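Each of the next two complexes has chain A plus one more chain, namely chain B in the first and chain C in the second.
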Partner chain A sequence: MNKLVIIGCDRSAGEALRSLQETGYCLPEGVIYQPLPCGGSLDVLHVLRALESGAERVLVLSCYADACRSFNGNTWAEKRTAAAQALLTEAGLGQERITYRQVSPNMSADLGAWIHTLINLEPVEAQDRA
Partner chain B sequence: MIIAERKPIQEITASLVPYKNVLMVGCNTCVAVCLAGGAKEVSVLSAVLRLALRENQPELTIAERCVERQCEAEMNAELATEIGSYDAVLSTACGVGVQTLAEQFPETVVLPALNTKFMGRPEELGVWSERCAGCGNCVLDRFGGICPVTRCSKNLLNGPCGGSANGRCEVDPVNIPCAWQLIYDRLARLGQLERLTAIEPAKDWSTSRHGGPRRVIRKDVKL
Partner chain C sequence: MNKTVAVLGGSADAGWVVEELLALSYSVAWVGQEDLPDSPRSDGLRAYPRSRVSAVSGCVGSFRLELSAPPERAVIDAAAIIVAMGNQRLPLGADARIPAHPRVLSTQVLAERLSAPRQISGIAPAQRQHILFALDMLELSGKQAVVETLELALRTHDTWHCEVSVLYRELQVDSDLLESLTRTMREQGIVFHRLQDALPVVDDSGVHVKHADGVLDGDLLVIAPVVRPRSDSAELAGLLRIALGADGYFQQLNVRSYRPGLSNRKGIYLAGRCHLDADDAGARADAAQAAANVAILLGQDHLQPETVIAEVGSTKCIRCLTCIRTCPHAAVELAAYGQVTAAKVVELACFGCGACAANCPVRAITMKGIDVPVWLQEAALV
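Up next is the complex of A and B:
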């Protein structure tokens, strides 16, 4: 079972991840990265399918506003992440399973920290019970 | 086109409680255009339902299909060989499509996943608004192409009520323009303001829902 699926714009999140890996970093076990050509190509279904396939959490990454090569891909990524979160909330599942962050290619250290934090959180079901 | 929106997920999950093997059937016509029940929405809704019911109904399986136009029996024929193997069908068509499936497959439970709202048009990305109430006796020729039956909150046919202010309707000034302001502006633009001096007689509502369920018969094309 994957603990975390990272879905990200390959121009920002992908670059940040590759920079991180150049320092010797390896994605922890149970963490997979799914690149998108742009945050604007994120679909609600990408997020839901990741959760359906067993991911505990999904991290969606797109560029900062005004940094998107396709102008507003980050806006769509954020809107569609919010739509997926709203669906989970409506279904009685915790929206905290889905996290959205804006990232730039030089934020490899931040990306490493986010991954570390997310995979070390309590399982969502345990949080729900609490 | 027909505009619909998804029912609340809790309502849908409650309707699925008695069933274990469900076929979700979308419709690729009106409800696909209004992003409520096409192939994409079937995939999203079935994924959410599987996630939502994973703990409480782990034995539930949901298969996905989408037909081109669920309100036409011919288009649903492709479902005939498999529909009997499911406990229930969850339809993301409008009410017409749901009823067509139910009539066509009388042994099958057919459940609606959408609320059918109105006949309307897309105003902008993500916004649809009502344009036709299906009154059965179109009056658009007399009102500059703007329907007072549909777009006036009170269906007034002889001018605005006292609730029209600044071109907006008192029912919801933010979202509803006064239909009579629209009619006036349009007729002024067309140079036909004199039309407003004519008294519109009381409408015969027997052509609308008030005359019971309606049928249209074309003898020239009926075998």
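Up next is the complex of A and C:
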């Protein structure tokens, strides 16, 4: 089972991840990175399919506002992530399974820290039961 | 391939772009609403002074611009377009908040008085007089106007031997020219004060301006010009389908990580003070960048689409026009597929961002050139 699926704009998240990997970092087992050409191409279905395929959590990454090559890809990504979170809440599954962050290509250290935090969180079901 | 470049704007900025393009051996069609500045004579240059762009069609590699240039109309076929229309300077009287008073002058009026022979003008201030120069008093003056105003302040000090002070809001000393100018001014006893948010008080006793440490009293107040985006920017942006920022200047595509001067449309570039605040040196450098952007585009014998692009399934399309409205790069249009009309992605114009695919309500758009894992394969990218 994948613990974490990262869906991110390849121009920001992808660059940050590649810089991190250049330092010798390897994605931990169970973590998958799925690049998108831009945050604007994120579909709610991407997030839901990632969860459906067994991911415990999904991390959606887009550029910062004003840094998107296509102007408002980050806004689309944020809106669609919120829509996916709303669907999870409606289904009683806990919206904390989905995290949205803005990232720039030079934030490789932050990206590594986010991944570390997310994969070390308690499973969501356990939280739900608590 | 047609390698003509259309340069739009009658500003000095456009003149520098034209020079750069001619130096790279491109054919240039230069269109300006005004008389065009002097330019090098060249067989590669066609000039359209006092002409207005009235329609634009096509895409990168094959733009068509229609001009209304009384008494006749003209058509330009261009592979690329550079917008270099500059900004506009407002006359001093344009802002009613600045009191109209003989003690308040524009830089232009002061420069004329300074150049007039003393016996004719008879208005050289006595040495004890104090002349205040205000930059960005109510609105931004722009870098070039700041340079010119500081040079004028120094010249006034040197010529009339009077006391000179400079008031400013944000003075970014970010060029060699400004650094040496401000250093020379300080060495000569010219004092700089940061303006407070208050209008000058002008009466018969003099001019009184609030600054960060108190009130400065002077005999004359010289106000640097104010610059604003040209009032016809929005109309041209609409015709070209390129973005204007909230401040009214042309918006550059992603200022942080891409080459400067790219607009949201492939093949349309921005140069000079229609999209950035620069002094003349900065605007010249930007002209060279714009020409380099064209050279990157047209340097090969043919144009290449991006590796990832969108494609419309014409039989699925319900012609809702969502993709046309959503595409940030104006790369989708309606087209005839035999008997059917549907959305069509102009391959050369597409940046492959996928916004159209994610927004299409019937999932009629697919992204070509992307590997999609099986677990995602029912989502929109397929």
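Quick note on the criterion: the second predicted complex is superposed on the first by the 130 of 130 C-alpha atoms of A that agree within 3 Å, B and C clash if a C-alpha of one lies under 4 Å from a C-alpha of the other, contacts with A are read in each partner's own complex, and residues count from 1 in each chain.
Here, a contact is a pair of C-beta atoms (placed from the backbone, for glycine too) under 8 Å apart; a residue touches a chain by one contact, two chains touch by 3 or more.
Predicted model only: the values in this text are computed from it and were never measured.
With chain A as the common reference for superposition, the partners chain B and chain C occupy compatible, non-clashing space. Using the contact criterion defined above for the overlaid structures, shared-chain residue A:M107 touches neither chain B nor chain C, since it reaches no partner. In the superposition on chain A, contact of A:A16 is made with neither chain B nor chain C.
Of the two partner chains, neither chain B nor chain C is touched by A:I98.
Among chain B and chain C, the chain that touches a larger number of residues in chain A is C. Of the two partner chains, neither chain B nor chain C is touched by A:I115.
In the superposed model, A:L51 makes contact with chain B only, not with chain C.
In the superposition on chain A, contact of A:L87 is made with chain B only, not with chain C. Shortest separation of chain B and chain C in the overlay equals 6 Å (C-alpha atoms, whole Å). Chain A uses residues 45, 49, 52 to touch chain B in one structure and chain C in the other. On the side of chain A, the complex with chain C involves touching residues 11, 34, 36-38, 40-43, 45-46, 49-50, 52-53, 66-73, 76, 80, 104-105. Of all residues in chain A, those touching chain B in their complex are 44-45, 48-49, 51-52, 87-88, 90-93. By the touch criterion given at the top, residues 8-10, 13, 40, 43-44, 47-52 of chain B touch chain A in their complex.
Those residues of chain C that touch chain A in the shared complex are 243, 251, 253-258, 264, 308, 328-329, 351-355, 357-359, 367, 370, 373, 375-376, 378-381.
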